[in-house]
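Chain naming follows the written order as A, B, C, D and E, and within any one chain the residues start at number 1.
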Amino acid sequence: MMAIIFCINGEKKNLIRMVMAAGALAMLGTSVYLTLDFLAQREAGATAEFLYCNDPIPWYETLNINYSVGVDGISVAMLLLSTIVVTTGVFASWGLEKLTKEYFLWFLMLSLGVFGFFISIDLFTMFLFYEVALIPMYLLIGLWGTGRKEYSAMKLTLMLMGGSAFLMVGIFGIYYYSSMDGNLTFNILEIAKNHAMPIDKQMIFFPLTFVGFGVLGAMFPFHTWSPDGHASAPTAVSMLHAGVLMKLGGYGCFRIAMYLMPEAADQLAWIFIILTGTSVVYGAFSACVQNDLKYINAYSSVSHCGLVLFALLMMNKTAMTGAILQMVSHGLMTALFFALIGMIYGRTHTRDIREMGGLMKIMPVLGVCYVIAGMASLGLPGLSGFVAEMTVFVGAFEHSDLFHRFFVIAGCTSIVITAVYILRVVGKVLFGPVQDKHHEQLTDACWYEKVAAFGLIIAIAGIGLAPLWLSNMISDGIMNMLK
Amino acid sequence: MNIPVEYFLVLSTLLFFIGVFGFIVRKNLIGILMSIELVLNAVNINFVVFNRFLYPDKLEGFIYGLFVIIVAAAETAVAIAIIINVYRNMKNIDVNSIKELKN
Amino acid sequence: MDLLSANNIIFFLLATIILVFGFLSVTTTKILRAATYLFFVLFAIAGLYLFLSYEFLAAVQLSVYAGGIVVLFVFAILLVKNLGEETEKVSFQKKLVGGIASLAGVAVALITAFNYGFIQNETADEAANAVDMQAVGNALMGVEKYQYLLPFEASSILLLACIIGSVVVAQKNKEEKR
Amino acid sequence: MDIIKEFYSGFSIMNQEVSLVLVLVFVLLADLFCGEKGKKYLQLLAIAAFALNVVYGFTLKVDSTYQDSFAGMYVTSDMHILVKNILNVGTLLVFFFAHYWNEHENRSQSGEFYFLMLSTLLGMYLMISSGNFLLFYIGLETASIPMAAMVAFNKKAHESAEAAAKYILTAAFSSGVMLFGISLIYGTYGTLYYNEAANAFLAEPLQIMAMIFFMAGMGFKISLVPFHLWTADTYQGAPTPVTAYLSVMSKGAAVFSFLYILITVFRNYAETWQNILWWIIVVTITVGNLFAIRQKNLKRFLAFSSISQAGYILLGVIAGTPQGMAATVFYIFIYLFTNLAAFGIISNIENQTGKVGMDDYNGLYSTNPKLAVIMMLAMFSLGGIPFFAGFFSKFFIFLAATQKEMYLLVFIALLNTIISLFYYLLVVKAMFIKESTNPIKPIKSDAMSVIGLAICTIGMIVLGFISPIYEYMSSISFGI
Amino acid sequence: MDYTILLLAIPFLMFLIIGLLGYKMTPKFSGLLGSAGLAVVTALAYYTAYRYFFTEFGQAADGARETIVMFNYTWLDLSNASRPDLMIQIGMLLDPISVMMLVVITTVSMMVHIYSMGYMHGEEGFQRYYAVLSLFTFAMLGLVVATNIFQMYIFWELVGVSSFLLISFYFTKPSAVRAAKKAFIVTRFADMFFLIGILILSYYTKTFDFLKLTAVDPEAQHATLVFSTMGGKMFMGLSVTSIALLLIFLGGAGKSAMFPFHIWLPDAMEGPTPASALIHAATMVVAGVFLVARLFPVYFFEAPDVLHIIAYIGGFTSLFAAIIACTQTDIKRVLAFSTISQIAYMMVALGVSGFGGHDGLGFTASMWHLFTHAMFKATLFMAAGCIIHAVHSNEMDAMGGLRHYMKKTYYTFGIACFAIAGIFPLSGFFSKDEILVAAFEADKILYFCQTFVAGLTAFYMFRLFFRIFFYNEPKFEHTPHEAPANMWVPLCILSVFTIFSGWFPFSKWISTDLIGYDIHTVWPIAIGSTVVALIGIGTAYVLYYKKNDIPDRIANTCKSFYTWASHRFYIDEVYLFITNKIIFGGICAAIAWFDRHIIDGFMDLLGWTTNTVSEETKEIQSGSVQQYAWVFIMGVITIVTLALYL
């Protein structure tokens, strides 16, 4: 349904770009259509947990591996997010000159992995796509990145693979306890239905799986790949990575770890609440004193993604809906952030906030977009961040014991700290007097950059202004899961 | 014939490890090869003795010993050819001269 | 057990020769002497086979080992080296580690072996007559159980390959000659 | 006449061996009669003849799942045939890659090259299919002694001579140790036939010690730690086609026969050898990986990588289940294409420029994009990255090991994949990211290499998706 | 669907249109467009107010005023199994205070729109200014008509952001950027308490809806059933209701610049003066008061202790700010502290108020004062704007004797000064008087305190007045001149409100229980306060009518106190210390260091260890075949030993 790979035999860069743009737009169109159709079907009373399921295509029959895909409200939301980010990412990297074709091929592979992951309902294919999504990062960062790119690329890849080592053991465990009667299966729905894993085994495999995905979700203390990786990655890759790839972690934690091993999730939640709650506050505090724009954003991502996992662990409808909303929202706004940072960096050739200033005067469009992104990040109503955060907090407040309360309130403080670092950046970079004389000659955004930025802003504002449909769609999926 | 089989086992084991010792300490490649012959002979003693004392009705160990001798001969031939090749390249057959490939 | 029975004397004599010369052959400093000692060892082992009344095997041992391999060794030694000129000095450290490994190996192997009760076959004595050639031939040429046609054939390929291989390796490079 | 009849009936199920011997004789005769002029065609003839043999191999199938001849001396099953076919394919690929080398550097001895290689292949056949330790031993030696000669083929190079010397000495030593083990097996089990030995189970320490001595000999062939030390030196010194052959075929055959012996002869000691293998696997993977990190020479690098790969393969062996066997054979199958692709590239570049250092590969993508891409695919496949076949084989092998609840082992192995990924990525980094002042010039590969590389590449990409292969393996596999 | 939705929709559309397309318009057109849009809104607001107060539309059957929900759309669903009603809705709630606020906001906003056309003339970013003004108006209107507390929070945040944008209007000026950041972060900090308060409240009451929260059960004298479930819950000596309400009040305190969150307001004067008039004087800063008023029944019935706290914080803040105001020399800052002081007045009034009928006098007075204060403070700010416009400085030293040059400004400023000082018959007299009455009835200490503050207010306002319009003329760089018509006309209109709004029958319209009642001027208190005010004016006259050295001598006599007061008691410095040194320098830097060196360092250490081990172990592969064999045999022996004997 979604797997579209382009084989491009053109030396002409423009042609490649056009094909990419067309393909990305086609994907966007498909996903929008999918969303609308999904909503329509739900409206019409389709009650199946997953829609658009194909008949499982047997793949490795002896191991009961099938290629089976389907979507529920959550994956539709994630797909929508992915396609938006991919499309805008294509536009954001329009100006790339070095090895364009290879770049887009890897980029496509990355997005293929992401899409595949979100639509899979078979653990094996899910894991397959998960790894597919990881590895192009290495080359994308290593080849087209900036700064300490080789180090960062290696660190990122190795840490994420380390995560998948945890994950893989978890998956094996799930597989071997997937059924009472020996009909082992990789199918998530069947596993959940059979619910055959004894609690003591869950206690082993839940943490493994959760940590495995948590690494990708930048959970403290496994987050350090994120600042370096993001700082070195090229614009569109940062966008896609922070915007979508990190969501794989949250989605996986939810879809695999918590859905398939609910009892252990319930019992061990406290450990991970401590960790994720820490990352929420910790990331925010760290971001306050960074001087590199991308580092600031990367730590902010740590904080926001921490909130995703944190909310998931609260395990009630509202908080989980909030978590998914936060994924979507953070995906969009962080993609916007990175796109803008890339554009600014492309002009000023520095990301050090101490060397910039007064850019609002020089490039008003980028400046305004940046302010909007910042506002979304600090949770301004009318933009998507607010919707997500409020849902999370209200949901998380359901737990009335002191432990949960403490962490929820700590989480709430993060919105103040977020304001601090966002305003610090805005104040230093965009406002104030111009720091560097050379910056005065710089130009404002060109058309493809505008397309990228405005596309994301429209999505952010759209969700921020009218969140109900999305929230309902997601909570519909959550309800099915919670059963 | 009342010598216990263990005696032979002691003999062969000792011979085996003398061979091993030789392999480890000799400096000369041909010397090392000789040590290997000791090892193989020790094994042969085992086969033959087991055949004779434990399972005399079949000729399994006997035949095995026979084949070990054959294979040892072939092995020695190739090994000596290789050692001569080494000599041609290095101008000696000291074991220390084949320490170039390492780490 | 009669310690001084003929059997015992022969056995202990042979064993002593084997071990002493074996040890000498790996410790002597002169390589040609080592070859000589090795010859003695192989000879004594052939004697052992005779003692166990496996004449055929003893003959093979003598012809192939003593007659073939040792001669090959000697040729090789003569080919690569001036006779007896160099002596090799082995460092004490090397001897020590080698000795430790060997002694440990002997200890482990023997302790394990003595824990095992070998059951000597009652019929051993009666069958202690020479294995006749017919039996050997049958065993090598038959396809039944305990007959070894297939390994025999396989070993022919092995020998052929080894001959070719050693010739290829040992012959001087043709290009070099030209 | 009865004997003759029996004789033929004995050989009647040995189709592969017989046809291989025919090819062998054909090559020998052709080499004898072709003379200096005919050398050019000799190689083509040899490859063609062997290719026919390969094709023939795939037509074979035994009626029942298990058959033996020569009263249990020789055993075969669909799985045996399949493994031999896999080895055939690998050998053919090695021939493709060796063609250029034979043409230019080994011209005078190309006939011998083919002959020796095919005879070692025959040795592997016998190793795999033996039902008796004697035949196994002869097969093993046939597979290793001529190999030593082949390692020494590059006679001008010191390295080749040194590698050969190390190989033959260590091989002889290890076969001595193994024989000691076999002799004890004979002494305690009273038989050398696998199927009978399996029943003579006494749970005695001496039997276990015999098994361990035997395992050490196998450990040498598979290059398991601590029996692996020869591997890197030999791989580095040997001519590249021989290294490729050693790293894949020799290892694959040894692993399968090892597996077969473990699950037949030693099946009652399963717990013991599983415990031993557990530690050996951990050490092997770790040491292989740790040593691979620092290598600068690609052949040596791949040697250590193959050591750690051997550890992964044993994850399938350790389970001892049918699923484990299927995973093992599948792994070998995938590993064959992957590793041969890597060696194909290396030999291609080495033949034409003489460069094997990792630094020499800097900036390869800018001058030789196709070679660099194939190399990258190979590295990714070795590292177990999807969509490449290596991912599937790794997944299945881990799955097989976890079937026996060895989660900790699998976890350690998985952590090790991180290290391995690190050094595989180092190669990718050199080719794609680093820049060089003196990059390798654009290379025009010869036709044979192109064919070989194409096959390998296709194999790496599509094999994981073609599930019938694994399904077939799974359907014919067996275990304890 | 109702026309009232236009009240929200029009400003929002204006914001979008001017914001997105503004760069294509001429500045003048965008200003006119914004003003025109707002004019419609103002008309609608007045119409609504008319309908609500003077027709049956706002009358319930029993004579009380009705609380009307015009519309209520679900915006976000936060419900879950145990709390099915948790929904964020966007709607419009009309009751006396929200209707009054509609009038206040639209009036002041309208005036500011017109005024700005003159004041901001020629500024770069004129369109942006109007866009943000529209956004602000939208947000403020949304805030006051909120049907539920979460809607209020949403618009509360929007208001904060538009305030931020307006303060940072001159974004190339570092001080403006600093002030904007400070304002936003301080209010945001307070908002966090608001949010937590909302969370606690909604957790126990299971609703966000104001109607459900504030519905009074007259029998039980208990706010409503939704609170019955949370009665017993205690936390740290207070009931959870009290805690929640206290936290909510803290949110309001942030917006309304109550001590200790007051520090942002004086700095916020960096923004354009008309924006200050609208946001930081008349409307946004009273949001906190409005919030408390909106939840007043809840406070009164469920957390009277919190109400006391509110009253005392208000009292303290009003005194504190008034003292500081006496020492400032920047005229906008004087006005800012005056604003703080006056808002604190309203808080006091709420804090001392009772419930029902005449007991609710404080409530009425607070709202009344809110209204009158909005008018006269807007006047003051706009007049100050005119003055700054004329002399191009905020400092008093650059002013003096301006009455000769700017007659209209002089008169309007004067009227507003008398109003704020509480001189009969101007509006301030009435509203302030009612506050004092309410305070007198409830708490004598507060009464005396507030009376004293009234005197101080008169003093510093007239200090300002005399300093600007009398005093000695400094050397003007160019002669000051009267502002253009589009600036003084709004001034005059607001003066009219300032004069007459004291005569409106507020108690008929606004009361705690929605039932109108009569109030009478309590003459002893009124005369007392007037006398105090006159003393203040007199003192100011003596000190500042003409240049003399009495102020300096007074300052010297109590030098330390004066220094403290003129440095605003160093509260800013304390904050600065906490944020810069402790949070940034301490916590953030420590965490960042920890992250880079410990966590990241650990990951790097893993890599380093692996590499080093690899490097260090290379001797194992020594190249010696004998060593290989040794390892081999030792391996065998070890395995045998381990397998058999261990």
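Assume a contact is a pair of C-beta atoms (placed from the backbone, for glycine too) under 8 Å apart; a residue touches a chain by one contact, two chains touch by 3 or more.
Since this is a predicted model, take the numbers as computed values, not measurements.
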Distance in touch steps, counted as few as possible, from subunit A out to subunit D: 1
Intersection of contact partners for subunit A and subunit E: D
Selected interface, C-E versus D-E, where C-beta contact pairs are more numerous: D-E
Maximum centroid distance from subunit E, chain identifier (CA atoms): C
Identity of the most central chain, Cα criterion: A
Interchain centroid distance [CA atoms averaged], subunit C/subunit E, Å: 102
Centre-of-Cα separation between subunit C and subunit B, whole angstrom: 6
Rounded Å distance, subunit C centre to subunit D centre (Cα mean): 31
Distance between chain centroids, defined by C-alpha means - subunit B, subunit E (Å): 96
Interface hub residues of subunit A, defined as touching at least two other chains: 158
In subunit C, residues with contacts to at least two other chains: 94, 97-98, 101, 105, 108-109, 112-113, 118, 146, 148, 151, 155, 158, 162, 165-166, 169
Shared interface positions of subunit D, touching two or more other chains: 134, 138, 141, 145-146, 148-149, 152, 155, 164-166, 169, 173, 177, 184, 187, 205, 209, 232-233, 294, 422
Pairwise chain contacts under the document criterion: A-D, A-E, B-C, B-D, B-E, C-D, C-E, D-E
Residue ranges of subunit E in contact with subunit A within the complex: 74-83, 86, 88, 150, 153-155, 157-158, 161, 168, 171-172, 174, 177-178, 180-181, 184-185, 188-189, 192, 195-196, 199-200, 202-203, 583-584, 587-589, 591-592, 595, 599-600, 602-603, 607
Subunit B contact footprint on subunit C (complex, rising order): 1, 5, 7-8, 11, 15, 18-19, 22-23, 25-27, 31, 34-35, 38, 41-42, 45, 48-49, 52-54, 57, 60-61, 64-65, 68-69, 72-73, 76-77, 79-81, 88-90, 94-95, 97-99, 101-103, 105-106, 109-110, 113-114, 118-121, 123-125, 127-128, 131, 135-136, 139-140, 146, 148, 151, 155, 158-159, 162-163, 165-167, 169-170, 172
Subunit E-facing residues of subunit B, complex: 20, 23-26, 32, 95-96, 98-103
Touch list for subunit D against partner subunit A, complex: 323, 326, 380, 385-387, 391, 395-396, 398-399, 402-403, 407, 410-411, 414-415, 417-418, 421-422, 425, 428-429, 432-433, 467, 470-471, 474-475
Residues of subunit B that touch subunit D when the two form their complex: 12, 16, 19-20, 23, 29, 32-33, 36, 39-40, 42-43, 46-47, 50-51, 54-55, 60-61, 63-64, 67-68, 71, 74-75, 78-79, 81-83, 85-86, 88-90, 98, 100-103
